[in-house]
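The following pair of complexes shares a single chain, chain A, combined with chain B in the former and chain C in the latter.
This part shows the complex of A and B:
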């Protein structure tokens, strides 16, 4: 991910030895343990979310800012009934010394991951674009998610996918009324915002592979019997630079694969791939419930005085 | 959703193949007319692959000294891939004005570079670059798999050291139960599909890519069908490479 960050041979060996004895550099005791996920929703705003991974000692390892904005635009000529959606992933100098400003090469991991999340949401119809249409062929909503990396120590893909989905679930766009082809956009004071149509919640998970043997040995041996690689979840930056391959899977809790990618790298046995896919499901279910809970808590705080303002009569049973 | 019957009760697909049947696969080395002048230069060999209606040309340039000194890696060679999908390759001409590749192509470039940098024995060519240039002349379904197969054949033809042969096929699913191997254009458009690449015809998966919604419980069969297809394809490629090189030998003598 980061360029020009060289790891000395001694450190490399140390990290590998740690991994081989299922220890992590930041004190985690298992290869499959993830860091603590924390979702912070900015009060008084819609779709403005900070999402962070915390280390065991409570310090912040990775922190992302996801913000959803919307505007009224003209739709694409081929799809007059659909709104548009765009994700902008940005790594800049803020994330670390090894990232350059305004330079996202087309062959870089950032580009690849950003694109993966975009197609994860778009191709699986996670965001219903037809609900974003105001007047067919003339005016639709353009939803844009900006993902900024504020602090970086690995785990970009998971955090970005969780952040994007949380902010989309949380966001409310202004309500509109159409009268005689005239569109009025109401501010939040006039009318309450409208939630986006999120049909299901895909979340990506990245399995990182570390090879234990020489590549030639792995390819020539019958690996379904032997154990040739280590698999780790949620790598730190240093581990990320040393990895020999990855396996990315995006699932939703309806047991559907939304994206599955193994972009080259270390070959692994087909059986193990299937195993990983099944392993990912409980993790994703857990993350999804965490996300929904965070949104629910925020909702409750927002509507603290909702019952006072309600014009609804109390009803008593019986 | 499907307006077409992709898999009839007799077990036939739209183009008359059976479910596990591969498209016709043909590859050849084209040598440019000035072959004699540069007979030692590897870049004059172009490998042409026709997989169904996919027509792919691959030239491999290198191993050679990199033009940019900063790109030198002392321990191993660096691999670069460029894919050029010609605008006339589809039924509808691509209306995109700019000559820059689209995002999908860039993604493929990334994946293919990652894939082949583990397959090519890069340590044997230190301080050099190997660049793979792909040109797609015509596309049908499963273009990524055709490109990967063509690159493998090209690497062999150019005598670049590789650990083993990589083969790729696309797999689609009809009605949640029938698996179709090596999709054509129509099938790819309407079915959930994915590409799978294995090394040496074994069950070692080195690339896998599913971009559509796909039920988790069917992944096992998906992989199984894909791996089988790949191992069949491996034998086809080996036979064709042998035939091609025999022809080449005859030509030289």
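This part shows the complex of A and C:
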């Protein structure tokens, strides 16, 4: 019953004309401007985060819920010293009617982006899996991140990567003690939770490419393919359907490129890669500081009465 | 006994409509009211409200029109509605169109165009917008659209919403109540005439399926009109003039 989003030719042309004159349909005045990022950490819970993009008028465009859970499992046979990590992305009818009776397959968006973020975190060793080992070959922690889309108007990849990293940074797993191969998992009342070993914070950013000249026109006039694209950040759902290609880069603030992905679409000049990486860096830095600030504020809220329990003496500098 | 024209009752599905209670005959039913055919033989068909809204009775040419003013985002075709349809596919006898994103398709047969013959068929591409009217609605079949006045056979302003070379066009999705308000209640809600007074020149076509088509001479003007229309949907009536002024100075700086 539910059909896909139908965009009429008139709307297509209008959105594209707007992009060509660096205007956006939601009121942004630049192609490289992102919507306002807002991170909400649920108080009294660990690793339970709502993350949202807000439009200029304050309404919520995209909203995700990221939650980390952990359980004790048997490790994989090839890697007995490492814990396991898994990301589960889910779109459902809540995000929009276009996701109703939506089949999860190997070529669906959620699968693609979910794998992308998982490999971004795992292969760059952003999450230290060896810290998750309890007894080698027998018991390790399995960390699972559930990403649910509650409202959707584009920008899934960025939000999901930010949400995953924030919730991993914020999460605390229960402490364990091992005595004579007997494992005791302590509740948070008994022992303070243990933070996960997050070694660095990679964040993915998607550059959306729009073709300016038709391909046939380029071949006819024999001109170069360079500068034939418009580059836009943080596309809305409608813009996302009209794009001709995408370029995904995952960076951390230490200037390390973690992942590059250019799955087909509009060809770009090789040197553009470096340009995109340089463009992404300040954005990533800003997002990282925002994430850390949100966690710090939450930490302060939690330890409101921490100073009362402290045995530290007042010290006065010289 | 007649139903008073200014009775403004809030109706919830399950309530009994005032015309039903007072045994008043209604000649034309509008949006939000469902005619049940369950007792067809005994000629006691019943009218039921299908949405939450305010019931409304008006008399035009000695005919009582009953409507239920409600707001919704999803359009359900009703006979005689002026709509903007998007062509999604074409077959040997008809176009397939959608009136709403994510909803079932409706048909636009080639026979429902003015001067239709077997050879003279309209050439629309997929994704074109067509201004048309809902001809018939059936519970078991997709609704049927028409692009002419079927009584006179005239074109009557229906047809393709064209994308002229020198013009910039856009289409805006809005809620159903807002589209109806713009289309039928220009005295009570004079947004469009206010915009014309502010020296904005534009063409507009409003479909009650919640689509507004705009056409102006420049891109920024189109964006300006688009922004005004989408902002006014969710704002107070008193602040309309202010919104128009602000948006015009933001986008059309002259």
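Going forward, the second predicted complex is superposed on the first by the 294 of 318 C-alpha atoms of A that agree within 3 Å, B and C clash if a C-alpha of one lies under 4 Å from a C-alpha of the other, contacts with A are read in each partner's own complex, and residues count from 1 in each chain.
We take it that contacts are C-beta pairs under 8 Å (C-beta built on N, C-alpha and C of every residue); 3 or more make two chains touch, one makes a residue touch a chain.
The model shown is predicted, which means the values in this text are computed figures rather than measured ones.
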Next item on the list: Check the contacts made with chain A and report whether chain B or chain C touches more of its residues.
Entry: B
Check: If you stack the two complexes on chain A, which partner ends up touching A:278: first (chain B), second (chain C), both, or neither?
Finding: first
Notebook entry, point to check: Which partner does A:6 contact after superposing on A: first (chain B), second (chain C), both, neither?
Noted result: second
Notebook entry, point to check: Where does A:111 make contact in the superposed view: on chain B (first), on chain C (second), on both, or on neither?
Noted result: first
Notebook entry, point to check: Regarding the shared-chain residue A:16, is it in contact with chain B (first), chain C (second), both, or neither?
Noted result: neither
Margin query: Which partner chains sit in contact with A:268 here, chain B, chain C, both or neither? Use first/second/both/neither.
Written below: first
Margin query: Taking the touch rule as given, give the residues of chain A at its contact with chain C in the complex, in rising order.
Written below: 1-14, 17-18, 21, 23, 25, 27, 57, 97-98, 100
Next item on the list: Within their complex, state which residues of chain A touch chain B.
Entry: 106-107, 111-112, 115, 119, 123-124, 215-216, 219-220, 222-224, 244-245, 247, 251, 255-271, 273-274, 277-278, 281
Checklist line | chain C - residues contacting chain A, complex | finding: 86, 88, 98, 101-105, 125, 127-129, 161, 163, 168-171, 213, 219-220, 222-223, 226-227, 231
Checklist line | Complex contact set, residues of chain B against chain A | finding: 101, 103, 106-107, 109-118, 121, 163-164, 194, 198-200, 202-217, 219-220, 223-224, 227
